[in-house]
Amino acid sequence: MQFSFSREQEDLRSSLRDFLSRRSGSEARNRVLKSGYALDRGLWDSMAQQLGLLGLALPESVGGSEAGFLETSIVLEELGRDAYAGPYFSTVAASWVLQHAGEDGATTLEQLASGSRIFTLAIADEGGTWARPGHRTTAFEVADGHRLAGLKVNVTDADTADEFVVVADLPDGPAWFRVAADAPGVSVVMGESLDLTRPIGQLVLQDAPAILVVGPAAAGEILADVNDKAAVALSAEMVGGADAALRQAVAWSLERTQFGRPIGSFQAIKHMSADALVEVETARVLTQYAAWAIDERTPDRSVVASMAKQAASDAFSLAAGNNIQIHGGIGFTWEHSAHLYFRKAKATSALFGTAPQHRDRIADLLAV
Amino acid sequence: MQFSFSREQEDLRSSLRDFLSRRSGSEARNRVLKSGYALDRGLWDSMAQQLGLLGLALPESVGGSEAGFLETSIVLEELGRDAYAGPYFSTVAASWVLQHAGEDGATTLEQLASGSRIFTLAIADEGGTWARPGHRTTAFEVADGHRLAGLKVNVTDADTADEFVVVADLPDGPAWFRVAADAPGVSVVMGESLDLTRPIGQLVLQDAPAILVVGPAAAGEILADVNDKAAVALSAEMVGGADAALRQAVAWSLERTQFGRPIGSFQAIKHMSADALVEVETARVLTQYAAWAIDERTPDRSVVASMAKQAASDAFSLAAGNNIQIHGGIGFTWEHSAHLYFRKAKATSALFGTAPQHRDRIADLLAV
Amino acid sequence: MNPTFSADVQAFQKEFATFLRELVPADWAGAGTLPREEYDAFAEKIRGQLYERGYIGVSWPQEYGGRGLSAEYQVAIAEELTRQGLPQGIASDVFGIQMFGSTLLAFGTEEQKQRFLPRILSGEDKWCQGYSEPQSGSDLASASTTAVLEDGMWRINGQKIWTSTAHLADWIFVLVRTDPDAAKHRGLTLLACPMDQPGIEVRQIQQISGEADFNEVFFTDAMTPEENTIGSVSDGWRVATALLEHERGGAAAVLAIRFAEELDRLEELARERGRHHEQDIRRRIAWCRSRVFAMRLMGYRALTRTLSGEGIGPEGAMNKLFWSEYHRVLTELSMDILGEDVLTLRGRRPAIPDGPDAPGAPTDSAGWITTFLNARSSTIFAGTSQVQRNLLAEKILGMPREPRAESSRGR
Amino acid sequence: MNPTFSADVQAFQKEFATFLRELVPADWAGAGTLPREEYDAFAEKIRGQLYERGYIGVSWPQEYGGRGLSAEYQVAIAEELTRQGLPQGIASDVFGIQMFGSTLLAFGTEEQKQRFLPRILSGEDKWCQGYSEPQSGSDLASASTTAVLEDGMWRINGQKIWTSTAHLADWIFVLVRTDPDAAKHRGLTLLACPMDQPGIEVRQIQQISGEADFNEVFFTDAMTPEENTIGSVSDGWRVATALLEHERGGAAAVLAIRFAEELDRLEELARERGRHHEQDIRRRIAWCRSRVFAMRLMGYRALTRTLSGEGIGPEGAMNKLFWSEYHRVLTELSMDILGEDVLTLRGRRPAIPDGPDAPGAPTDSAGWITTFLNARSSTIFAGTSQVQRNLLAEKILGMPREPRAESSRGR
């Protein structure tokens, strides 16, 4: 019985936290608020090359460190805490598919691990979800490969991605493809993202050249796997964000005085914070377990992934909402990062299944 | 625009409150807790004869005062505040049907108004509800009237009723009948009621002699009407109970000291109480309006009846639950009346439609 | 009990309705269909037309530009405006008419009333409110902006914050400390001060939605004549508190009308997305309907008290708590109906930054998301929900204040 | 990270499972099927059989009757007991084993450990806890029951309340004021005191459900020898507080097992009534499942800390808050599933007054309603939810205590 991280895992966390506080942190958050999203390429390269974060769970043969999903979840939690603005989740999520490309994929994975190419997943068709993309994007074979036609919605980091990993239907079923952002017939329409640190766009494919990554035989299973992993990865991000929002609120409550005392000494503020703490810890243990379950491929991994996602969504929304309330007026000014977390809470909850959708899924999986 | 009670209505309330504090109140509640439910017949007779509460909304010709439903709701609120243990609601509810009996019913209504005979409604069959009783109780005509056969569940005050007003199916549809408790073929099986002030039983009818009150032509409309009125009547009771629970909690919080101060000075207790106050006032205005709407037979009376019932259920549950929590240990001892209100909150919510059922009904009626 | 408008009011409302129909085209779908940029000008235009026909401030005495009608007429006007998809005035009316005007009617000198009130109604003077300070939000009584009387002029120094519409205002009513030696609540005075002077600087504050509806107001030797003192010197706390009750009380009946219209739009959203058959969505809508109807009834109750000359008193705090907490729940529901579509803001943004958007607004995600974000400010402004709960507990339920860390604060 | 039992523990659990299967008939459906009246005797019988085979207190040192095994074994035992529908000990074990025993291991003298611990395990001595007083509930440190040392004997006077199992107990550990002049927290001492003496009177308290699971204990010149002082004189607050952490911490992993079994029964109830297809019911069950699983994981986390020699510390307060508030939600759900059937209590009443009923209990309305009523006491006992939230805010989040009305209370 060991329900805790190993020494190595704790080291990973603390070195990453150090790194982020030096290289990213409140300064980066202010930049996002002042001038909008812009990928910090130097930071990205350092994350990839200096810290090896992108290849963390990839084979050594492509430059990775062969760590597990649990380690990835630690990275995501710390990035979430920092409200990091960059395509880490998108790229890592793409790697969950690209790993199944076999020998052919090695170069791609090397590019991914080195940070030299940015990837993202493009799954849902209009009206579809990540779990059930719909069948409106089609693929057809041509002499030199495939061509894709369709429209993918809610694509994370669509503007910075060099390459898209796309679900499209072949005649015998859905399959996974790679599409380069600069290929002919590929265009991206960015939306105005609620989450200021995660741009969202649509991918328009007009007979765009594509490379088959996984055929229909295995694609469905991988899609299910991607959904489980994405749920837990985003849960980890949200646990980090929720914890940050909680700590930010507490710190402010110690500093701010009203009626001659720090507002953190008022029961209303204390009890709000205690309740948020309980939710954050609930989400934390579920996410931790779910990450382990994914590494171990335990039979309960799908249900615990959903448990984590719904708990983390609730915890983040509560902690980020409380954070604004406790800050009072200053908490909903644009220049204060409180709303950055609040926006992330709502938007991240909506990615790869909302809390109610995951509760429905838990009930289905447990055959209630 | 006048959203307030008239002087006469306020007088009715205060004289009743005076009367109850002298004749019922905490002493009666203690009696219920110590020795269980037993109808205080003297009090009942005074309520009927001295205060005219049973005939309040009945015609003068049968000894009533021709007041409206609004006045009845004031009485119910005060009885609810007092946690009065007697068949007032049951008897008044029966009168809503008996009033439609025409000339024949005059004697019955006189008995009802004078308090000499106690009535109650028996509507739901097993598996049925008050709104949809089911069709398992049947009526057939015999030479000297009718006979009923079936089982009625969740009959309020079944043990004290002298007469039951029963829905049973004739060949051409449901109709209303009167059945005397001491008639052959009539038996009552009492359950253990969650609400200690309102006994609940089953009525077993084995070819029991019955008198037709309202035939199939009008019975359905009256059933709908009874459901609306009962919802608002019980809401009024619950508003009174919720208010009593809130006031009881506040009074205790001023008296009880911990950590050297009255616990009512702690924000946790203050905010719980403020939240309960908001819910009680929400339920109060909705109930007041709904009672007026029933008197005026406005087109929105069914939807506002449901609004009142769901709000009053929530308010009473919250206020009565808070009351226990604020009292601490003493609040869940048998001898303290806090649980009397808490039980009433849950049980009264379940009579004539639960809060979720009423919300479903609101959505249906408003064609959401 | 008769929660309906009197026959006179109904006739008045009918006549008003006829007038309104002439102001807009026959196929008018509501001010919410206008782009955000055009809304304010439209609201200003309509307000001008209403003023010309005497429909602004009808409940004020005739000698100050009103018509001396009862508050019932005011609600009837608001109801009809919303029903016909028109704005309920302009943003600064909350401060000019509802707050400052009402306070002046209660505390002002005859001269002040004559001077200020007609210009508020005509729209010549726009007002804003200077109460909160960076170090004094919930604890309003600790305000530290000072005013010193010199040769019949108040010299004001300090800073106010969260001042809505300050960038558009001609006047500010400002709570200042005039007696630095008195106990915290006792050294305050309320002053009316012109905005157009070198001693006042306004800086806009960008809020959570990205827009700038609030301001900081810096006073550096700003001046206002002694006769602009509202109420007595050092009586500012009492005057300001009464004023806050106007802010809280007056809105209830009128706000409920806007919330009902917003809920219609939410139902439309649910239907558009085929979510209106879901048990959870239906029940929550039903709960919201009940809540909004209760809000209207509470407004009627307050109105009844006003009509009979009773004050609404601390129940004002309940209205504020009630609608702002309701609006959080409502906007959460809109987010749940949008589902994945909360990810991006599409379409029109709301024209109104607090509470429901203008009537007839489309069901675009940008509208609902922005309203959802702004709803977070409603539980903070004009007294946080925590402060409101304290007030309710103390003033209505009679529960004790918390022991003070310092029972009074000599300054 | 490996949240599973080690191979050794798994082997042990398997062996234990085999042993348990011999104790009950092949068609055993769980202790929850027994009538309430028979349950306690059955629990006592099973406990005796477990004791004989060394399955009681396995984590205690061998010299005091335990087997010196890790806490992991304790959880494995509890899990298997519930899985096989058997009681997790008798009611007084919470006080004897989990609370007093654990405290004695930490604070007791060698002589005390030798004398008390083996008799606790064997069941010869049953214990109860004397902390709360009528005037001192949340504010435990204000206890006013006194003890005066005379000729090597403590003479105790005062009253304790909410003392579970006092009517069955041989001993009470009682928090008494031994130094009336010291500050509030500093004048307290913890004593072990025999119950069977003329100076002690026990009166049962009937609780919300109509049953009597609590007591008042009156001390009138009750006596206990000086050697029954637990820890040092005047150090009672520290000892008692540590003891409360045992109460809070130990239960988490084990409780979650019982809650999961209860949730199975709730699902059965929903299915029986055809309510398991409803969106609202399904989502709430899914939420409860997640909550119970999180509770188990928090238990594993605490267990991991215990195994590595770290204390669980103030997180104990979180477990108490977590499960008691969860249980309110769960029992509300059961009421909603019962619908109209909450009106009457039918069938079997629960055998266990706090938390989930015994495994295998039927889905009778009397069971769910009584558990619903009793769930209201769980958010009050052993520190109200309000006190727990204060603790979490202060001890984990580092938020300040409230200013005291009086910073210490000389007595």
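Chains: A, B, C and D, in written order; residue numbering restarts at 1 for each.
Here is the rule we use: contacts are C-beta pairs under 8 Å (C-beta built on N, C-alpha and C of every residue); 3 or more make two chains touch, one makes a residue touch a chain.
In this text, all values refer to a predicted model and were calculated from it rather than measured experimentally.
Q: B-C versus A-C: which interface comes out with more C-beta contact pairs?
A: Of the two interfaces, B-C and A-C, more C-beta pairs touch across B-C.
Q: As a quick test, compute the distance in whole Å between the mean CA positions of chain A and chain D.
A: That pair's centroid distance is 41 Å.
Q: As a quick test, compute the distance in whole Å between the mean CA positions of chain C and chain D.
A: Going by mean C-alpha positions, chain C sits 53 Å from chain D.
Q: Quick check: what residues of chain C touch more than one other chain, meaning two or more?
A: Those would be 279-280, 283, 386, 389, 402-403, 405.
Q: Which parts of chain A, given as residue numbers and ranges, touch two or more other chains?
A: 261, 266-269, 271, 356
Q: Is the way these chains touch best called a line, a ring, a star, complete, or other?
A: Shape of the chain contacts: complete, all pairs touching.
Q: Can you tell me which positions in chain C touch chain D when the two form their complex?
A: Result: residues 278-280, 283, 402-403, 405 of chain C touch chain D.
Q: Inside the complex, what are the residues of chain D that reach chain A?
A: 1-6, 9, 72, 75, 267, 270, 276, 279, 282-283, 285-287, 289-291, 293-294, 297-298, 300-301, 303-305, 307-308, 318, 321-322, 386, 388-390, 392-394, 396-403
Q: With touch defined as at the start, can you tell me which chain A residues reach chain C in the complex?
A: Touch residues, chain A against chain C: 124, 129, 154, 191-195, 200, 258-261, 263, 266, 268-269, 321, 324-325, 328-329, 331-335, 339, 342-343, 346-347, 350-351, 354, 356-357.
Q: Provide the residue numbers of chain D that touch chain B in the complex, in ascending order.
A: 132, 136-139, 142, 161-162, 205-208, 210, 280, 335-336, 339-346, 366, 369, 372-373, 376-377, 379-381, 384-386, 389, 402, 404-406, 409
Q: If you look only at chain A, which of its residues touch chain B in the complex?
A: 266-268, 271
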